[in-house]
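The same subunit A turns up in both complexes below, where it pairs with subunit B and then with subunit C.
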Partner chain A sequence: MKTYSQHSLEVTDLPEIPLWKKADKVDLLYVAYGLFIVLLVVGSYIAGSLKLLPYDPQDIDLNLMMAPPGTTGHVLGTDFMGRDMLSRLIVGIQAYFLPGLLAVFIALYFGTVLGVIAGYRGGLWDTSITYFVNLVDSFPRLVLILLVIAAFKPNIYYIMFVVGLTNVPVVSSLIKNKILFLKEKNFIEADIALGIPLKTIIMKHILWHHCRALLVIQATLGMAEAILIETSLSYLGFGVQEPAASWGNMVQSGANYLMQGKFWPSTAPALAILFTILGFHLLGDGLNNILEGRKKGS
Partner chain B sequence: MKFSAIRPIARVLSRELMITAFLLFGVSLVVFIILYLAPGDPFSLLIEGQLLSPEARAGVREALGVPQSWYAQYWAWFWGMLHGNFGTSIRTGLPVLSEVLRVGLNTLILTIGSMLVTLIIAVPIALYSSVRGINKISWPLTMGAYIISAIPVFWLGYIVIYFFMHTLGLFPLAFGYSGGGQKYRWLYPLLPIIVLGVGNGTISEVIRSLRTEMGRVLSEDYIRTARAKGAPIWKHSFKEGFLLPVSGIISAKIPFFLGGAVIVEQIFNWPGMGRMAWQAAQDRDYPIIMGIAILAAVFVRMGSLFQRLLYVAVNPRASKE
Partner chain C sequence: MTAPLLHVDNLHTYFYSSGKQAFIRSVDGVAFDIAEGETLGLVGESGSGKSITALSIMGLISEGPGVIRGNIHFKTNGTIQNLLEHLDTYVTVSGQNNRIMQVNKDLVGWEKNVDKIMRDIRGKKIGMIFQNPKSSLNPFQPVGKQIMESILLHTSVTNPEEARERALTWLDRVKIDSPRLRFDNYPYGLSGGMCQRAMIAMALAGEPLLLIADEPTTGLDATIQSKIIDLLAELKSEFGITILLISHDISIISRLSERVAVMYGGTIVEYGPSRDVLARDRSAKHPYTQALLASIPNEENLTENGYLKAIEGDVLDTINIPEGCRFQNRCSRCTDAIREQCMHEEPPLHEIAKGHHIRCWLFES
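After this line comes the complex of A and B, so read on.
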């Protein structure tokens, strides 16, 4: 069974020094890059939904097929049907943005609820939640998704529900361990002695004051997972179908031309996936190191 | 191993086997419930195109011996599975178990091979940076590992195919193809293994976990004592700082390797369980994908069981938890 290590904050963490002054430069760099990517994704999503695109992503131009990047008018070139690459990349964000948020929400919500119950109640609750978590962990995610696809239909929201559900174990274990760690602190005991309602203790003193950083970090990592799953499934042909754009099916359709030495149509969306996922991962890691504290020397 | 170490292992083995059996029972229940909730039923495929009245449908069900209640259906299926009868594929009509086992070995080779590739890349970087901290060599290496972990595996596969088959002309394009490049044919199975090992996104996690754990162990008092005595540090830190984190992360990542195998097998035409699952999802071939899900879960559970035993062998106190 999985265990997650948890480090306490160093005593030297003086509250008056701002966080970014105590943090490693490397971590700040990670977070800066990650925030840049998040802004880019959100901005592009909004631009895509408002139809603020350089070209219509479905506009076929047979005179200008597979133009290299930097062609006048098409900054990132065109794909195998002469459709503008940049516009398709922007529209491709629609394929995962809202479904990804749903997956993140499910993982955080159910993970938190289960984690709080397991950590605070303990005993039989903890045991049964541990069994549930191990049960979910027993399925390879993609196989479970294929099972759901075979049983129902290839609907991205069903798929993202499964993705969210398979992320519940990580969140709930982290929350549980955090609560077990906090329960030994005096302030919880003081809360109980003062007669503060349980709801306030859990929602405000535990979750809001001590777990929000952890939840934000898990949200970024969960979004990266969701993007990876969406693009993989679109690549496998179970997600967004041509002519609608998704980064995954753009790689897939572009790869047909790879053997002719035309790299760009599949490389552009692949790089988009790479830099986006890298951004979310680095954001999560950087925040983790800055906010959750990191042991010296590691 | 000393004899005294056997007893805690036996105790944990018996307990973990029970937990594993219980979890696999749960897995089968989840698989069944998903398919039970699915709209329509597998019969629609069997009697496709035949306009049957509801009574005739019920007749067909009865003729095929389908129990009416859900728990009777589940029990019939579960009982069959215990006896090695996973049903028959809707598409090919062959028994599921033999079909899946036939390709299961290929997937096993692919996943275990790619785990080794992941470890070969990740372990030196992690150990180096845990000993030396972040410096001019370890930072670019770690950063490179992050970037590699973010590469979508399906694109990496194409690039590797292009490079090796097209540019270098080393390999034939598919299994069983008898064209040129016969000389390097034995190398062909290595490509998907390397692609899955590099591209499944676990390298950075292995590095992170191993570096943190090794760094923690190296700052323990007993390592300082060993260092002062001039005893070999590696020997003292091996079990706790290397064996446990590596086995822990690998067993936790088996599902990811199996999931990545679905994609890599697709790209490389590797006749494995992942490709079969993909095909089955396309055809809505329920029995096949149920069998694959259950065998994959068995694989995952076995990995976890093995990791647990290793943990107790290293740290016998844990058997009393």
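After this line comes the complex of A and C, so read on.
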């Protein structure tokens, strides 16, 4: 039994219901949480680069080693060298923030360009781009990263370049399929007949109107992935090196003390990783559902 | 007087706009009947509810709320069957001020019920020709096969060879030249006109009692349109089929139909013999019909500077149907004497001559 009801006799002005009102409550919650995390990360990054920190993250205090959370002055306690955990967590964002943006930018930029060329030009262009993209896609990502680390030095920017590169196939195939689908539509044909330059058609009518949701979602997912790779490599000792702080190497160095019941040096950065990646994923997921007008019920 | 073949009474088909949280009242109390062997033309602007009426009769409205009220009596083999039987067990309607404000509908149960009722009706008793013949034929099956399928399903013929012969005669009857060659053609290999002929053959091959032709000439060019209408006229005189002809083209309607119903904003505003309704010189006519007739593109109707006349204003917004007459805001014949009534009371269908009904306060004495 389905109920349809009209509330007033006169539906006077028919306002366009804003997107967020039509959306599912859960999706709104996801997006709100995601945005909160993004703001927190960006805010902390700015605070960290302006040196607005409770303590110097490299300041060693041998009198206060492994202080538990809540110790006066050290909200999240200190690590095995007496360095303030909160300050190190904030500074740890710098390890992935700019490199992560680089990875996202590379994936989106090259993915879009290749996707547009392959989709719009077709023919030999499509074939060769598809071959190249498949080649990149067939390489195990971690092996490629380790190769780069072995060939150069463990620089996070090199690693993130590779991460971005390995994300190109996903973006380019999404864009290509979207363009192949849209190209046949009458409105694109009408655009061409109206003499609208190809650049405007692609940039505005295709990418802006039909692909922006997709690109935003790929960006959030890409960022989450970049964080995960950075932290896992740092955990393994391939990424950001001590004494520079990274959430990954903080978990690693803290893990040695876990068996002694001193959980905070590893748990705090681990939880930070968890909630941050969760935030980015939920942001992407929620935005996807809201922008594509998807509802859980139907 | 014998009962008509099809009697539609108080038909309401609504849609729901979830964005605006309001009902779109596509068909709002339509009533008409068609006698056996007669052709009824249904004219009106785009969006006046012509096609939705046809789809409601066929039980093809699957979107909610769909058909919510009314009766469709169809006479088969002497017995009268209500195609909307048990409608009220699936739908509850509540409203205020004679307006429906809430509908509860068991869509699944209703769909099942419709399918049960319509199983023996669709194709067998009521055939339908759709708009856009090219997209209404199955692109992956030769047209002849599609006609054969209709014959095997709906008539007593069960032998494929015989059905094939029958399909060939039908192709011949709808004037497709060299039917044997065309039998194995796929729809993409046929022109729009030929596809429409094949569609007509397919609809008629089931030997229906009633043929619903929903804009049979859309998408065809003028000469083909004329030929299709000629064909329908010929088939009509030859087989005596009953046709419900839906079109926005008055010239097509006037060539084929004995009676005409003019629809505006989901209701019938004028209904009667076509020589009365579509006669140009009569003044006893609904203002909308008059305006429609005045906007047929021909020499007589040109304005002084050579423009075609158009009806002022826009098609009725079927979400906010005004109180009173639906045509009030576009009407040029509303006088001060009746203005009050036009604005506040919906005029009833008033019989001004035998069988000629008009829904206008002008003719209410």
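Simple rule for what comes next: the second predicted complex is superposed on the first by the 278 of 298 C-alpha atoms of A that agree within 3 Å, B and C clash if a C-alpha of one lies under 4 Å from a C-alpha of the other, contacts with A are read in each partner's own complex, and residues count from 1 in each chain.
Note that a residue touches a chain if its C-beta (ideal position, glycine included) is under 8 Å from a C-beta of that chain, and two chains touch if they have at least 3 such contacts.
For clarity, every value in this text was computed on a predicted model and none was experimentally measured.
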More subunit A residues in contact [subunit B versus subunit C]: B
First, second, both or neither for A:T231, with subunit B first and subunit C second: first
Which of subunit B and subunit C A:D137 touches, first, second, both or neither: first
Partner chain(s) touched by A:M203 [first = subunit B, second = subunit C, both, neither]: neither
Which of subunit B and subunit C A:I149 touches, first, second, both or neither: first
Which of subunit B and subunit C A:L39 touches, first, second, both or neither: neither
Intersection of the subunit A residues that touch subunit B with those that touch subunit C: 1-3, 5
Residues on subunit A engaged by subunit B in the complex (per definition of touch): 1-3, 5, 26, 131, 134-135, 137-144, 146-152, 228, 231-232, 235-238, 248, 251-252, 255, 258-259, 261, 266-267, 270, 273-275, 277-278, 281-282, 285, 295-298
Subunit C-facing residues of subunit A, complex: 1-7, 9-12, 14, 16-17, 22
Complex contact set, residues of subunit C against subunit A: 14, 16, 19-23, 64-65, 96-97, 99-107, 319-320
Contact footprint of subunit A on subunit B as seen in their complex: 19, 22-24, 26-27, 30-31, 34-35, 37-39, 130, 133-134, 139, 146-147, 149-155, 158-159, 161-162, 166, 201, 204, 208, 211-213, 215-216, 218-219, 248, 252, 254-256, 258-260, 262-263, 266, 274, 277-278, 280-282, 284-286, 289-290, 292-293, 296-297, 300-301, 304, 308
